[in-house]
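Here chain A shows up in two complexes: once beside chain B, once beside chain C.
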Partner chain A sequence: MKKAVLFLSILLFLSSYALATELEYFKVYRPHDGMSADQIMEIEYHIKYTKFAKDASFGGKAYFVDKSGFVREKETFRKRITLGRKSDDIAYKDLVIFISPQVKGMGTLTWTYMDAKRQPDSWIWLPSLKRIRKISSANSDDSFLGADFTVEDILLRRFEDETYTLLRTENFGGYLCEFDKKTYYQGRPCFVIECKPKRSPWYYAKRILWVDKNTGAGIYEEKYDATGRKFMTLFKNFEIFNVDGKAYPVQTIIEGKDLRTGHRTTIINTDIKLDQGLSEEEFTQRTLMMSRW
Partner chain B sequence: MRRFIHWFSHGLIRYRYGFLGVCFIVSAFFAFQLRHLSFKTNLGDFYPLKHPYLKIQNRLIEIFGGLNQVYIAIEVKEADVFNPVTLDKVWNITQDLYLTEGINPNRVVSISARKVKHVEADEEGFKTEWLMHDPPKTAEEIKVLKQRVIVNPMVFGILVSKDFKACLIQADFESSVGVRKIFQILQEIKKKYEDQNHNIYISGQPVLQGWLDAYLPKMASLFILTVLAMSLVLYNAFKSKRGVLLPLLSAAMSTLWGLGITAMFGYKITPSTVLAPFLVFALGTSHAVQYIKRYYEYMSKHKRDSKAAAIKITRNLFVPAFIGLLTDGIGPFTLFFVPLGMVKSLAVAIGFGILSIFFGTIILVPNLLSFMKPPRRLEVIKEEKTTLTNRILAYFARLAVNKKSRWTVICGFFVLSFIALLGMSKLEVGDKKPGTSLLYGRSPYNQAERFISEKFATSDPYYIFVEGKEQDAILNNAVLKEMDSLQRYLEKEVKSVGRTLSIVEYMKGMNMAMFDGKRQEFCIPDSDRTIAEYMFLYSLTGFPGDFDPVVSPNYQYANIKVDLKDHRAASINEVIKRTEEWIKNNHRLKEVEFYYAGGNIGMLAAVNQIVGEQLKLNSLFVSGLVFFCLVFAYGSLVSGWLLIIPLVFRTLLVFGILGFLKVGLTAEMIPMVALGIGFGDDFGIYIVSRVKDELLEKGGDDLKGALVKAMSTSGKAVFFTGLSLSVGIAAWMLSPILMQARLGALLGFFIFFNVIGTLIVLPSMIMTVNPQFLRNIKGG
Partner chain C sequence: MRKILTFFIGGVLFLAQAVSAGEFSYSGYLKNELSLGLETEQLTKFKNIFQISGQYVFNDNFVAFVTAKYWYDSVYDWYERYDPAQHYMGHIQRNDWLRDCYLDYMNGPWFLRLGKQQVSWGQADGIAILDRVNPVDLSEYWLPDAVDLRIPLWMANINYSPKLNSNLQLLIIPDFEQSTAAPPSAPFTFRSYKLFMDFKKFWEMPPIPVIKPFYGVLNTDIYYPSKKPEHTKIGVQWQDRISDWDYTLNYLYGYDYLARTYLDSMQVIPPVGPPWYPTLIRNYSRRFKLVQMVGGSLNHTFTRQGPLKGITFRADAAVYMNEPTYYGDASTGASYGVNRWDNVFWLIGLDRYIFTKWLVSFQFAQYIMQDAKPGIDNYQTLNSYTNGAQDQVENIFSLKISTHFMNDKLKPEVLWSFTDDNQGRVSPKINYEIRDNLVFTLGFHYFYGNVQDSNGQFRDCNQVYTMLKFSF
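Let's look at the complex of A and B:
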């Protein structure tokens, strides 16, 4: 009997693992009651990195607000092509062009690989010098484009980096966005998941993440340090985009607050376009250098 | 006036129960007020906050932060810091700081801080990574780290000492975090990471404030010691219980009242105001001594009636005590106009105390004496017995009586004053030793400051504020070139400048990285657009606020940090003069303005300027007011000159001695001079008043006789008055706070010097001048 239980347990574990690691690119997944924390999180990552869409492009405006209320802005145009290609290990390619007046045309190109251990490759283009330089990818715990959130919050954190525990399901209390003063997701049914980094010590000891039951998107998280103190919150608003009969949940607002410094970053994504048939040719060093803004 | 004194002295004894009751009720009220008293050090009190340099410093803090900046240095005793244990400590302390509530994570700087990067450039591009993301474990990893440290000019010598014996960690706490909390957090870090092979040194303004706060309560035990020392002086003077207890009781009441009023007006006990109770106690005792002495004198000659004695001594001593207290009050009054918080609050606390002494001495002492049984005959005889003091005083009187010797005394005094002028020419404003002048060199704080200053040259920063007319002003090639030019000029022209740092270095470094790491590309890019792109690139790689200490987020303001090797007045004056010179001759751009002097050096320069100006101004102000009071009280111009000239010369002598001893003039010299002149006059007043009384009583012209009598009676009281006052003040020398100890030593010495000076010189001057006002019955 004991052996049978053990066998079933292993089978269950393997099946959940299989689900967790076998989400296919270009498909849309939705969570449901009864799923394990790992299964829910696999879907959350799938949505976070828009693995459901072949490509995406959007304009972005970032607002950096310090505690005195001083606001700094950065405006970008971003596009991504999702490849999920095992042959050359490329997961997706990102092109970011900065269009703020003083640095107009400055851009970065990043290739991210399927192999979680492989560091992405990045290049930067400085139009005033007409020079392209390869730059090292930032550390996971570095700032993302000078914002309050880290690189891994937006780009690098992978499913394998943490362990997950489903704490409860509940209706989300709502988030008052400081940028537009609107309350989002009030009363939305959510899975509440505790995420603990495998790496220790790390800059956070755990995250508590609220995952929207309807879409599987991680809408709000709180980060806690080793002393148990909450030091950061990160909110993401998702809107559903219908493309060829598929409903894609896409981030339209990201707002991160550093509770230690009182600084806040809000990114607003606009002009979102999905599956428009972007070519991989648009994600090369040559195209980065040729960008005209 | 005489009618008022007659009415007052009789009323005081007739309604003695009422007066005593009022004293008791008011004392109880002020004792109740003491519940509001608390200890709090505010370092702002030590600086002239309205000085232009302090205004620049405040703007720098407002824009670039750094109000609560602290430095933690880890010293390894054996081998160097490149070993797993030491690097582990650096890493752990940095992490602990990141986790500390109230820390600004953007301002944590160490070799393992997230904003300290290693950059490697080649033909393809450049690689940026944390200098020490995790503590290295293997010998190979440590070797790589060491190489990276050595080649990084922003780290080598700044975060790792050039002899590899120490690492530095900088942190800045939010302004909302209390100083005591910061001090406690840092002391815990020190305790946690210090071991047999590692010393931890902690410095910074909050740490200094924390130490001062920690030392303040220790002053209570010093107060007890003061009381004991003064009791001994009093016992030696009177050899009786009432001779000891009455002055102490009256001084205690004055001190209580003074403290009560201070508390009632919301003042805190600070390193300067904590001195006020000592001073008030000593001053109160010294005035009471005159009353007790006169009481015994009366009892030795008249029918021994306490009430009559109380009336008589009130009548005789009201004027000198009143004038004495008035001139005592002049010091604190003038100090109130000195633009230094520490001096101002000390002035207020002493002012309240002096007001209280009036009640403690003039009302309480005669009041209590009237209740007491007349002293036994033996007690009076003991007090009036000829002692060594009497013999010495008699000798001083003889010097004055003899024409030849009194001229010798006066000439000797003038010669000494001339020599003192030579000493004064050697005086230098400011403190010369490393660390803060508030604490002893051996104090843990100054040891830390000295260590950090020696290893990292960061203790004495001088900041130049670069203010743009509009935002993005700093993203301009011409502006950066002007900043660069000023930096190079100061590095070349001022010997005490160690190095300079500004956004210029960051721009040059980025340019070098962009051009394959070639050394010749360590320069400011020609195009404003490239500068903007570099700045943008920096903003992309760091968290918000990472560059705030160097440039404001809207690129309108920047600063130049100049590290000085010492904070001697000459070095400070030189660097400020050269900055002024450069701005005048080379600054041409309209887009920005350069303002100086910020940082520790600017603050010290402001203090030095204030000390230099105020010492002269305040000395003249106090002397003038004392002179005016004397003229008014005695109704004679000669009385003013007679008492003020020796006092001025004695002040010159003290400064001459300081000059020969090469003691730097610091802020506490201002109260030392003001109080010294104010208090120093008391002694002369009591002697002159006694001579006048003797002449009036005897109704004759026997100035010699009156002088000899005054010297053997009031002269003795003056000696013990001065001694008890000096002892009370000199007790501060035992304070763990050097500023207090120095003030105690100087003021104690100055007052005792005044006593001796008065007893030797004043009689000779009286005999030489033979002033008419001494025989004038209308005058005080």
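Let's look at the complex of A and C:
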């Protein structure tokens, strides 16, 4: 009997691991009751990095608001092509062009790899040098372009970086977005998952993440430090885009708050286009040199 | 007049139509640069700059881009000691106002950029190893941004990508401009220039018994490369990736942008009457020489697990064939001639973030001359900036540390560049973003070393500076 239980446990572990590591690119997955925390989180990451779509492009406007209410703005245009290509390990490539006056024309190209332990490769086009420069990726715990979320929050955190525990399912209490003063996701059924970083010590001790049961998207999270104090919140609004009969959940609002400084950052994604048939040729260093505003 | 008016009205209408069609966009800035010399306790710069760029997208294949710039430095009006430099340093020169004027054509693997432009090669920061396609304006030494240092040229920049992530670039540059330096009396006049001008002044002063028993005439002519098709500069760059390593192979052939001074002849005219002093005439010419550069660059970020993870490795290397090199007496700074040698310049750079948000960037470079001696006893090869002694192997280092605070509003940075001759420059600065489009910079340039060395020659030019830039 013990052997049978052990065998079943191993089978269950392997099957969940298989699901956790083999979500196929260009497919849309939805979570459902009965899934493990790992299975839900694998879907959450699949959605976060738009692995369901072959490509995406959108305009982005970031608002940096300090405690006194003073607002700074940055505007970008982004493109992503998803490759999920095992031959050269490339998961996706991102091109970001900055449109704000101070850095107008600056562009970055980032290649992210399928191997979760690999750092991305990044290049930058600096108008002040008129040159493409290979750059080191910022550290995971550094702020993302001065925002109230980290590089890891937006670009680098992978499924393999944390361990997950399903705490409960509940109806989300709602999030009042400070940018547009609207309340989002009130009463939305969610999985509540505790995510603990494998790296220790790390800049957070755990995240509590609310995952939308309908879509699998992580809509709200709270970060806690080692003393158990909540120090950062991150909200994401997703909208469903129907493309060729497939329903893609895509981030339209990201709002992060640093509870220690009272500073917040809101990013609004607009003009979202998916599966336009972008060519990989548009994600090369040469494209950076040809960057348009 | 009627033609100009018609052209102007047509231009305005065209722009208005383009703007309304949403195909035209523009950006630019207003900037004030102020420097205070610590030794003189006087302003060394009060420069107001206006730059505007326009981009017109005709369609997916054609885009036009123009940048115009105007500046005026008022300190050259305020202080008499700058009078000799006023004409050159006080306001924008000749056609320098046009910084970009090109048309882009993109179609599949082809990318053409035709017009006045800058092209940058290589991976080195602040050290021009492969970055020699355009001449440079060193009137403020190497302190300005590279985009302001380079002098744009009219050229055809033809690119073809035979496969993904590769690019073959051909540059055809019929235009020629010489690299420029600060005139005498400017804050950053090169010592070699000062020495030459001092010598000229001495040579042409009236005779002094025993000390200078002659009348002197010193003629200097400059000979630019004639505008012939065969004098067109040619550049080729092949760019590709092997595994995760980016590399380029570079070749540049054409006239060097820096003129070298040659003593062509000396004449003696016997005295024809009292006070019986002869007249000595020295005829100098400044000439540009054909040189070739062969080189390449390499870069790679260690992305996989291991001790090197997160490090970006950069490298440039170049051989300058037939590079003109001065020789003479370094102790007096007198140049006696020019050798043509094959010299090598190479660099490696390492960048890495440490402690979350501190970016450390280190570079090591070596400039290796073909020979230590010009072949003439007691003469030395000379540093062209200072006419000081130039080592056969110059070891050059730079260390830059930068970070950010307050959600990227405050960005401190310090650059230390130095050589093994105990000379260098330390340049700390802080950028503070007052508003989205308004940035204030406070910085300091500290030069140290022997006056015969590149940085040491400016050891009395230490300065505090500020910049206020409004972008739109």
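Criterion: the second predicted complex is superposed on the first by the 292 of 293 C-alpha atoms of A that agree within 3 Å, B and C clash if a C-alpha of one lies under 4 Å from a C-alpha of the other, contacts with A are read in each partner's own complex, and residues count from 1 in each chain.
The rule is short, and it goes like this: a residue touches a chain if its C-beta (ideal position, glycine included) is under 8 Å from a C-beta of that chain, and two chains touch if they have at least 3 such contacts.
Just so we're clear, the structure is a prediction, and the values are computed from it rather than from any experiment.
The superposed arrangement places chain B and chain C in clashing positions on chain A. In the superposed model, A:Arg286 lies in contact with chain C only, and not with chain B.
Look at A:Lys130: by the touch rule set out above, it reaches chain C but stays clear of chain B.
When both complexes are overlaid on chain A, the residue A:Glu73 reaches chain C alone and has no touch with chain B. Contacts of A:Lys117 after superposition on the shared chain: chain C is touched, whereas chain B is not. Applying the stated contact rule after C-alpha superposition, one finds that A:Phe98 touches chain B and leaves chain C untouched. The clash between chain B and chain C in the superposition falls on 473-481, which is one of the stretches 5-13, 455-463, 473-481 or 689-697. Touching of chain A by both chain B and chain C, each in its own complex, is seen for residues 64, 66, 72, 100, 102, 127-129, 131, 133-136, 138-139, 141-143, 145-148, 263, 265. Residues of chain C touching chain A in their complex: 25, 27, 29, 55, 57, 63, 104, 106, 109, 111, 118-120, 123, 125, 131, 145-147, 150, 159, 161, 164-165, 167, 239, 244, 246, 299-301, 303-305, 309-312, 314, 351-353, 356-357, 359, 404, 407-409, 433, 435-437, 439, 469, 471-472. Taken in their complex, chain A has these residues touching chain C: 64, 66, 72-74, 100-102, 104-105, 113, 115, 117-122, 127-131, 133-139, 141-143, 145-148, 263, 265, 280-281, 284-286, 290, 292-293. For chain B in complex with chain A, the residues that touch the partner chain are 95, 98-99, 101, 103-106, 114, 124-130, 133, 472, 475, 514, 525, 527, 529-530, 532-533, 536-537, 539-546, 553-554. Residues 64, 66, 70, 72, 98, 100, 102-103, 106, 123-124, 126-129, 131, 133-136, 138-139, 141-143, 145-148, 201, 203, 225-227, 229, 258, 260-261, 263, 265 of chain A are the ones touching chain B in the complex.
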